[in-house]
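Common to both upcoming complexes is chain A, partnered first by chain B, then by chain C.
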Partner chain A sequence: MRFYWILLGMMITTSAWAGDTRTSNILSEVDDLWRGKSSHAIATLNIQTQHYSRSMKLESWSKGKEKSLTKVLSPLREKGTMTLKSGNHIYTYLPKTDRTIRLSSGMMMSSWMGSHLTNDDLLKESRLEDDFDARISFEGERHGQDIIEFTLLPKEDAAVVWGKIVLEVEAKRHLPIKEVFYDEDMQVSRTFTFTGLKKLAGKIRPSVLHIAPADKPNEYTEFIFQELTLNIPISDSFFNKSALKRHQR
Partner chain B sequence: MKLNQLAFRNIFRRKRRTLITASSVAFGVLLSVTFTGTGDYTYTHMIDAGAKMGMGHVTVEPVGYQNSPTLNKKLQHIDKMLDEIRNLDNVSDAVPRIMGQAMFASANKSIGGVFIAVNPNIENAKNNLFIQSLSEGKLFSANSKHGIVVGYKLAHKLRLKLGKKLVYTTTDASGEIISRIARVKGMFKTGVDTIDASMVLLPLAATQQALGYSSNQASLIAVLIHDQRKADDMRDKIASLHSTQNYEELSWHEAQPDLAGVIAMDKSMNYISQFLVGLIIAAGILNTMLMSVLERKHEFGMMMAVGLSPQALFKLVMVESFWLALLGLTLGIVITAPWFYFLYYHGIDLSSGFGDDFTYGGVLIDPLFKARLFPESIVFILGSVFSLAMLAGAYPAWKAGRTPPIESLKTI
Partner chain C sequence: MNILKLSLRNTSRNKQRAAVTILSMAFACSMMILFSSMMAGMVVGSERQVVEMNMGDIQIHPHGYLDDPDIYNRIHHSQAILTQLQNMGINASPRLYAFGLMATHATSSGASLRGIDLHREKRVTKLYQHVAKGSWLDEAKPKAVVLGKKMAATLGVDIGDELIFIGQSADGFMANDIFTVGGILKSVSDGIDRSGVFMLMPTFRTLMAIPEGVHEIILRKPNPHSDLSRLTEQIKQLVPQYEVKNWKQLMPVVARMLETADAQTMIMLTITYIAVASIILNAMLMTVFERMHEFGIMKAIGVRPWQIVQMIFAETIIQALIASAIALMLGWWVSDYFAVHGIDMSIIMDGSVSIGGLAFDPVWYTYITQGVLLTPIAFLIIIALLAVVYPAWKAAWVNPIDAIHYQ
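Showing the complex of A and B:
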């Protein structure tokens, strides 16, 4: 689903990476692997916290970096709940009340669907390239695998809470393995792990994304991919706010 | 008639009783000064603290800002307004501020709160409670881009230290969501938990830029005045200025109704207890005066028999009351002065009884039991104690005037 891409995008982000060309080439390559011009996906979202655990099935569409739509397929109680990201804004549509809410600044830092991601995480993904400088910090064998490690440091003025982000990528296939977010004291804040390699949209990709917050060892959020199609024909109007009600049907 | 001389002699004939009566009057002065004085001190302290917490004694703000303080409501041409307001008499300061809600996030956590954007060149410990209560670090400079001063509880929750960064997210003037980074320059500890856990100061210039304000725009102007009791007058004066015509002016009563309510309630409680104390003192005076009249029944009877009119007797006892009251007031001033001096300059430390939370009605109060008196309060105290004493003397005087001469002479 789209959020998977968003998260992947966080590390792999494309195009305009400043710095040496090899770094930006690999990052772009990895990013291209994940983000087509548009996408359609079906995924399962598992959330485990101290207070509850839940599992949801999601369907999502995306176009470019700035537009995405996610719809809950199950459980029935939340079926039809949609999250629309369009440019700078996030909208939530609740079928029960038939209302579309634009998330205010106050809601940006709250959890998305009860997971360990915030709405802000979803929004900032596409701006990572503006906010970070990337460089290769390690190349060689680690845990029996040939890897390349990238370190992403936030730019001075960037509105980023992290101290740095460290990303490990398979050296040969350029598939992501692990992404670790550090706070300013360089303590681990959360870890993304990518597993479950499987053929999706014609290529081998990790199908499971595991998010573990460092301060809550028993909690996690997990995205498991079932289906993925890239470069599907889809129009911009699909991601209109006014189209939310239409998608409901 | 030599009523005065007679009254004097009567008073000093029974020195002990006179002393007791005068002491109860004096005691009344003492209690009244203590009650009124701490009231005057505490309310002024609370109101000034409230004013320094953001809105001032008088606030100039866009129409409707009070009920829905959003960032798309703003004042234009604040320089002109500031000039005009500062030129008014009794204004101690006028400062532009931007107040808004924001989310503050570090890598560990995010918390909702309120920011006040201030100009560090004109804000200081005198007009800003947060600067006054800086506990670590210092205020940012005027051209600081990323400076921020946070409440120590907020810092603790976000696990921030001096120099660490946090990201704040808010909605700008046109409704867009914006995020900016800031580095902790200082921390304050006001003692009000909710404020220490949710408030931050930002540099005005950088905030104006981030929110899409021009340097001549702000959300409000906080006006501080020398005497908080003149807030309503000042509000009307400011409202009549040329430059403030399109905006709303509120005194602290209106801008901080919760504080005004707390003070009004506390004041009426204070009045009730003062009234009760007054009643007890009046009863004491009444008692001694009545005793002295009944005791002299024989004497009054004699005076009437030799031709003194009932009116003259009434007057005599009233004059006695008058001198007694005056004596009592003098004694009261003598015993109250050192007590008041102590309360005014030193006060009694009540902090052990408060715990850590020195707040009442969401406003900081001084944990010291101190007193100050407004001139009119002094007049009020002396006037009311004096009239109380006179009133208590009226019944015995009336009684004296009604002494039946023959019967009185029969009893010895």
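Showing the complex of A and C:
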């Protein structure tokens, strides 16, 4: 599920995180909250734009950071459309044409499923840790809540579209609250808000991810988690390009 | 009259000398005709490439569309505008654009979809004649598309092969469908060659979920000689709510290049002409100085200097006219040959060359106008007459004694 990929990505971490261990520990914790070794999820995707609004139901599986598969359950018109992320590539299976297509670099900046996320977001999210350096930029009370704020700055030679990412995390439970993306001119580009705390996979987690593009005030994309299961047994071959048609049924 | 007769006889007396002079002038002049026709061909060819293949003379867009080609930014009452233009005797055609991905099972390439009105488009652009392989769009085959040359090469597809389009339709859904390659275009422009995919407007509307409205209306001048900027103003008044631009405003680089092509032609022609003039000058000097002895005798028996000048000029004109006739025939014939067959530059230029986003056909066609044929001839005659001023003056005022002993 996109949702948690994003989280993962955003929440960056791993022991590879250079610098102070507390930063890396918290980010790692946030990351672990969503990742697990593998996962299965069902979520609703709501998209509101100036020109259309739509709602989709999605089912997704993931294994590790590099493999994931998302399938559209409804509406009927797009039922069975699948997006497979495998390593560096994104494949799309289109039931209407019964074809699997690898998205070329030219398509990376275009919208994923008509939402406010791009294909590039899907590909890059799990790699934020390679491209950014994190540090704690604020600790204390804000909006009546104890929070920790992390600022992520791109590494010098990283090829990224963001100038800066600012992430707010609950100080106690280390749950993400808000994540703001700045463009290269340091203007706010989009804001992710995490709400709807609810027990998922045996633990309290935010179940709603709200994405608001800064330049279009009336538009948003929203992921709402219905189900989440972590650490399910799943084989690598599930994420093969050739397996896409099989998942169709 | 006597002078003319004398000049004719003088010319025919030394046939070899006259022939060498005439032929060198004729050759130089026919080269100039060929060169002028090549330059004219370049300008006309480029303009045709821009206007007839893709741009039309004038384009109407919704405001802001040119800067940000937003699929939702459309001209909504296109039908009314088209009817109005038709009443003014102007041919116009609507177009729709969208972007997405064209894929085969192995590769994919970014695609710029162009939905066109088959019947109207034919009256506005000549793209339908520019198909290298296969055929142009056909209403009987709604799923057949026509691709740009480089795009077909990138995808490695040929006529009849299957293509899958993925993009985002206007209602937010995934637009996807299977098409077949109906035709592959010759080189048109960078953009079209690389990513152009032409399809029928109804097919486009279904695929992208755009039931009405168009992104662009292109139109042609009612006749080739009408003034482009005046027509642009006229159209602006007709549809003040939209952005009206002519091709020169849309492709300023190419327009400026073509405008300066005239100046370039003049510079190149002047250089060629100077070279030709020195040949003619040399020939005329030789003809006169060779005959100094003869002029001395003529002066000795009482021919007036002015009469000698007249005679020399008459001879020059006779030779120049004969040379012009030969040059006209030769130059016209050669230019006409290349106007039909073209000069294949692909060996030198390595495929097609693009300047300012406009692809140039590696086959260079000449273009013949009155000016192309007559300017070099007028120039030849003027140069010949100028070239002979000095030798004529020299012969006319020479001392008869010196001239008789002139070696």
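Criterion: the second predicted complex is superposed on the first by the 242 of 249 C-alpha atoms of A that agree within 3 Å, B and C clash if a C-alpha of one lies under 4 Å from a C-alpha of the other, contacts with A are read in each partner's own complex, and residues count from 1 in each chain.
Going forward, a residue touches a chain if its C-beta (ideal position, glycine included) is under 8 Å from a C-beta of that chain, and two chains touch if they have at least 3 such contacts.
This structure is a prediction, so every number in the text was calculated from the model and none was measured.
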| item | value |
| --- | --- |
| Clash or fit (per the criteria above) of chain B with chain C on chain A | clash |
| Partner chain(s) touched by A:Gly114 [first = chain B, second = chain C, both, neither] | second |
| Touched partner set for A:Arg77, first chain B, second chain C, both or neither | second |
| Contacts of A:His143 with chain B and chain C, given as first, second, both or neither | neither |
| Which of chain B and chain C A:Asp157 touches, first, second, both or neither | first |
| First, second, both or neither for A:His51, with chain B first and chain C second | second |
| Touched partner set for A:Phe181, first chain B, second chain C, both or neither | first |
| First (chain B), second (chain C), both or neither touched by A:Ser104 | both |
| Chain C clash site on chain B (candidates 207-215, 297-305 or 351-359) | 351-359 |
| Residues of chain A contacting chain B in one complex and chain C in the other | 104, 106, 110 |
| Touching residues (chain side chain A, partner chain C) in the complex | 47, 49-54, 77-78, 81, 92, 94, 96-97, 99, 101-104, 106-107, 110-111, 113-114 |
| Chain B partner contacts - residues on chain A that touch it in the complex | 88-89, 104-106, 108-110, 118, 120, 123-124, 157-163, 181-184, 189, 215 |
| List of chain C residues in touch with chain A within their complex | 72, 99-101, 103, 105, 107-110, 164, 166-168, 170-174, 176-178 |
| Contact set on chain B toward chain A in their complex | 101-103, 105-108, 110, 112, 145-146, 159, 164-167, 169-171, 176-181 |
